[in-house]
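As written, the chain order gives the labels A, B, C and D, with residue 1 at the start of each chain.
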Amino acid sequence: MNNYSKRAPVGIVGFRGYSGAELVQLLKRHPAVDIFLLEHRSDSEAPPRPLGAQPLITIPATAAAVKQEGLAVVFLATPAEVSMELAPGFLEAGAKVIDISGAFRLSDAGTYRRWYNAEHSAAQLLDEAVYGLPEFYREKIVPARLIANPGCYPTAANLAIRPLIEAEVVDRTRGVICDAKSGVSGAGRKPSLKTSFCEVAENFSAYSIMEHRHVAEVLQHSCLGEREFTFTAQLIPISRGILETIYIRTQRVEKAVDLLSIYEERYANEPFVRLYAPGKTPDLRAVQHTNFCDIGFVYDAASQRAVIVAAEDNLVKGAAGQAIQNMNLALGFPETEGLL
Amino acid sequence: MNNYSKRAPVGIVGFRGYSGAELVQLLKRHPAVDIFLLEHRSDSEAPPRPLGAQPLITIPATAAAVKQEGLAVVFLATPAEVSMELAPGFLEAGAKVIDISGAFRLSDAGTYRRWYNAEHSAAQLLDEAVYGLPEFYREKIVPARLIANPGCYPTAANLAIRPLIEAEVVDRTRGVICDAKSGVSGAGRKPSLKTSFCEVAENFSAYSIMEHRHVAEVLQHSCLGEREFTFTAQLIPISRGILETIYIRTQRVEKAVDLLSIYEERYANEPFVRLYAPGKTPDLRAVQHTNFCDIGFVYDAASQRAVIVAAEDNLVKGAAGQAIQNMNLALGFPETEGLL
Amino acid sequence: MNNYSKRAPVGIVGFRGYSGAELVQLLKRHPAVDIFLLEHRSDSEAPPRPLGAQPLITIPATAAAVKQEGLAVVFLATPAEVSMELAPGFLEAGAKVIDISGAFRLSDAGTYRRWYNAEHSAAQLLDEAVYGLPEFYREKIVPARLIANPGCYPTAANLAIRPLIEAEVVDRTRGVICDAKSGVSGAGRKPSLKTSFCEVAENFSAYSIMEHRHVAEVLQHSCLGEREFTFTAQLIPISRGILETIYIRTQRVEKAVDLLSIYEERYANEPFVRLYAPGKTPDLRAVQHTNFCDIGFVYDAASQRAVIVAAEDNLVKGAAGQAIQNMNLALGFPETEGLL
Amino acid sequence: MNNYSKRAPVGIVGFRGYSGAELVQLLKRHPAVDIFLLEHRSDSEAPPRPLGAQPLITIPATAAAVKQEGLAVVFLATPAEVSMELAPGFLEAGAKVIDISGAFRLSDAGTYRRWYNAEHSAAQLLDEAVYGLPEFYREKIVPARLIANPGCYPTAANLAIRPLIEAEVVDRTRGVICDAKSGVSGAGRKPSLKTSFCEVAENFSAYSIMEHRHVAEVLQHSCLGEREFTFTAQLIPISRGILETIYIRTQRVEKAVDLLSIYEERYANEPFVRLYAPGKTPDLRAVQHTNFCDIGFVYDAASQRAVIVAAEDNLVKGAAGQAIQNMNLALGFPETEGLL
């Protein structure tokens, strides 16, 4: 672990939510940052667990406070509408902004309106925002002021699908199907009947079939057309973790190792993507509480069918961990600092 | 199973809650009742699961509707304040009322005020209300118009403790300790952070230590004084079931079988209390989805310590099942009808 | 509920397993049978929960005992190799046999060998065995001596897929994908690391991708070719329930209601198949502890994509409940007796 | 975080079990150790999760290998009989041994025989072994060669009870009751019906009432007599965490803050004991994945009853974390290194 002569002050809005609290937990292990909790009026509940022995500094979630403390980065673990409200002022105040909401992920206001069914109130920033998937946009993330941290589902989906699309081994006429399952923390911390214990426990259900807003992110970054990509979101009765089972038909692939070598080449130097031998697929335990996205597959050469399984922790690689990975890039720290 | 020439029409208010929905499920197996769902303004959510193939009749939760349909019994699976509002009119309309809330369980308005921290709005009915624990009050239940179905925790506690108090084998100077654990459905169906999946899952916590309102019911029916009875409520990350671990010191008990024989005598003819051999104690699986309360214990003769374990399904013997047991008594059906 | 002048004596081998114990629970509510527990040497553990207040009669799992008691039906809730060993003698002894294992589900010994990787030791019975999926083989089940109760996964899969295949609205060149998820009881009760609590809890994993032995049953009854049907089995960290998400491309279907009407026609008189309005899909809670298979779907007319969700309780419609449904047919009782 | 000029080589036997795997995970974050996996013939299963990106060095679990690598510490995350077999040779080979089993926790061979129902095969080491509860035996741990890491239940029990015994505020004539609940990982990783998913999930049960072998450790270190301490172990359907609800009657305590101040004085400088304000008690989420033991209580001054709740992660403060705390002491590292 490196020694840092200078520590960067970083702020977190939304530290009472699951992603925000995870950010605090993870950043406390990061050797080069000082943590500021930014208190926003929309917060009220106690944090999901004690934030630690030493109390952290709390300041208001205002541009003035961001400026006064000279925050290098502010993480927004907030609803999209709060992110759109806060981001402009924080950027103005000199901080880089890493937004964990969906506010700045889509390319333009029209696409946002369609999938989020709402007007974008900070559309002037959409051109500038960089999609924070380091495995594909590292060079753009380094200098970016505004980083849109990817959605939890699209992170795993794009990591699993895009290398195969780029290598042109997917028979796109047959479509790509992503059957996704997520732990409940992905739905946020606001109480609702849908995430009440007795409704979720011992249960399993599908939702937003073919119309989940995360589909837009996959389309944008995988180059698939809307009719080529079928996505089902499903709720597993556990707290954290996403597993996606992806079905494709290949072309120009003779055997399993050919498929593997496409992934291997693409991810040879990626610290947070782990590949499995053909025939082996990850479970959630392999990735929970880590920033890894694990990918494995089973391939039937005779019929050219591939079933790919990608797993990640929705709160880490799917949210807080990837946000820190982006921060490391944006502040010039080693990309894995605090994450291994 | 008997044949009934005449079926009794019975109504349920609060069928969208967990206890109410359980009532509907159980009553559908009862051969001698016709079910009416009584729609109350305080309801809004969809029921927790499909109510079945054949749609049930829904009528307003009003005294006029109760009278018009000639309901023999109305179950109130409602908050206490709604029960206090509805019970007088329904009794007036000629129905017997079985209330699953805490509204009519305590002996007087003052005791209610102290434990529920609210005024009683139907105190005139408290004298008439009968505590619906059949194992102890069967004769009073049969003719009663208003039956106060016991709380989930007190049902198991009273069944486990009272026979020993009556037999004068409890060393009351040492106190009685009840360490109680409940599944989450006991907290009702209204969404709250405390019963949100991610707060409860993989967790375990104590609440209302020494001040749970159910203590009042145990004191009232076990003859214990307030300082003699220590009660801790705790939340198990499961949907249903209550297990209570009870600690006493005995007097005048030589060996384990002496303790057992006290229970055996008391419960010889009770269809819903099952006793275990000394040294064996029930788990929740034994009682879930049944109307049984199972009781077992471990006894150390040398030190006169007894650890008693009582288990029940909080939604059945602790709520809907016991309510049907009371209905069977009140309407003259065999006590076990629809419950075995 | 009918009155039966004569009750049928029925036996259960394997009552200590999950399917067998479920059979006992369900049969105890059946008004027309007397239950015999058949004790087999391969059993040893205590049953998963108390079998009830009244002790049941236990006899040896031998042809002689079956004959002596004149059992009308024997249920085999046993591993396939035990079923192959016991079935011939029990048939000889005059009982009808309903086998819950995979022993008699496949059409011939070669197919069995391929998918079960073992020799069939009672192949002479394969021709006679009837596949016990009442919705498709009711007429054959009624007179059958040997009924092969369908596997848990294939029950839901065939009910969801076959009507569409028969109606020729599936574009088979695009394949049928079934992403299946099951509770852990489907793996049986024998302890193994794979079904240990700490390995399964908070986890989710895929297994037997494209090579699960249940695939053979779907192929056999859905008329799909092996390369047309892709099946993934996955383990949900819950005890019971199967949910299958099925992806097809249609042909000759204009809108969602056209798809629904195919199902409605096919299942108009089926008591245990429930259909949902287009856009609605079942969760597991809707079917747990019931003999229903619920089917819903979302349809995108523009791209002719249908995502179908089928849900059942693997221990009921997927095992014990369907076995009783078959028994009702074979013994001339109303098909729903004891199951609603 | 300090920089260490020299890293200590440490070994782990039993890295495929839950405690051993947790040790590996935690030690990978420790800046001053190099990890060696010691392969023992009794191991066979794959580890519970990937051990990380970089493969770790594996050597045989023999004294020769320990000597050759010059291991400073060997952790034994093994059954007691394996620990008794390995410890003597590893000490001989120059390593300090930190044993996570119960082999060296009790004071003499007779006590071991009584509670473990087996002969001790390395009794010559019992005098030398130091009980590794740093909060009470820090000075002895620093120079010790053989450290007996405390049991999971006794760690929380002793931390919660002993300060009050020492302060003489417990009315010992009334006894001390500890109602303990544990996640399933405490039972180890060997498959058994008792820890199978479908037996544990949605269930709750008590076991070893008044006769759990961990009682011996509490008696030994709390100064309570056997008849003064009543202990019930119970299984929560979760993977990790212990919560103990402890009931005492006090003497010489006027109000809640007096009780708190006893704890505060005792634990003023303890980095891993957190105290709660009177009336607040910890839940498991507060301590999971941490090395903290959290203690809170509710006090009723009128009746002198105190209900104390202590919570810890059985795999961390109750096993692997405390073992590292002991290692830090024994090797001269800061006590909290790698644990905050």
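Odds and ends about this structure:
Operating definition for what follows: a residue touches a chain if its C-beta (ideal position, glycine included) is under 8 Å from a C-beta of that chain, and two chains touch if they have at least 3 such contacts.
These figures come from a predicted structure and were not determined experimentally.
Using the mean of the Cα atoms as each chain's centre, the chain most removed from chain A is B. Across the two interfaces under comparison, C-D and B-D, the one joined by more C-beta contacts turns out to be B-D. In terms of their C-alpha centroids, the spacing between chain B and chain C amounts to 36 Å.
Between chain B and chain D the centroid-to-centroid distance comes to 40 Å (mean Cα coordinates, whole Å). Chain C and chain D have CA centres that are 46 Å apart. Shared interface positions of chain D, i.e. residues touching 2 or more other chains, are given as 48, 199, 201-202, 237-239, 285.
Per the touch definition, chain D reaches chain C in the complex via residues 18, 45, 48, 184-185, 189, 191-193, 195-202, 237-239. By the touch criterion stated above, chain D contacts chain A in their complex at residues 1, 3, 29, 31, 48-50, 53, 202, 271, 274, 285-286, 289, 340.
Taken in their complex, chain C has these residues touching chain A: 174-175, 177, 179, 181, 199, 201-206, 209-210, 226-227, 230, 232, 234, 236-241, 243, 245, 247, 249, 281-285, 288, 298, 300, 302-303, 305, 307, 309.
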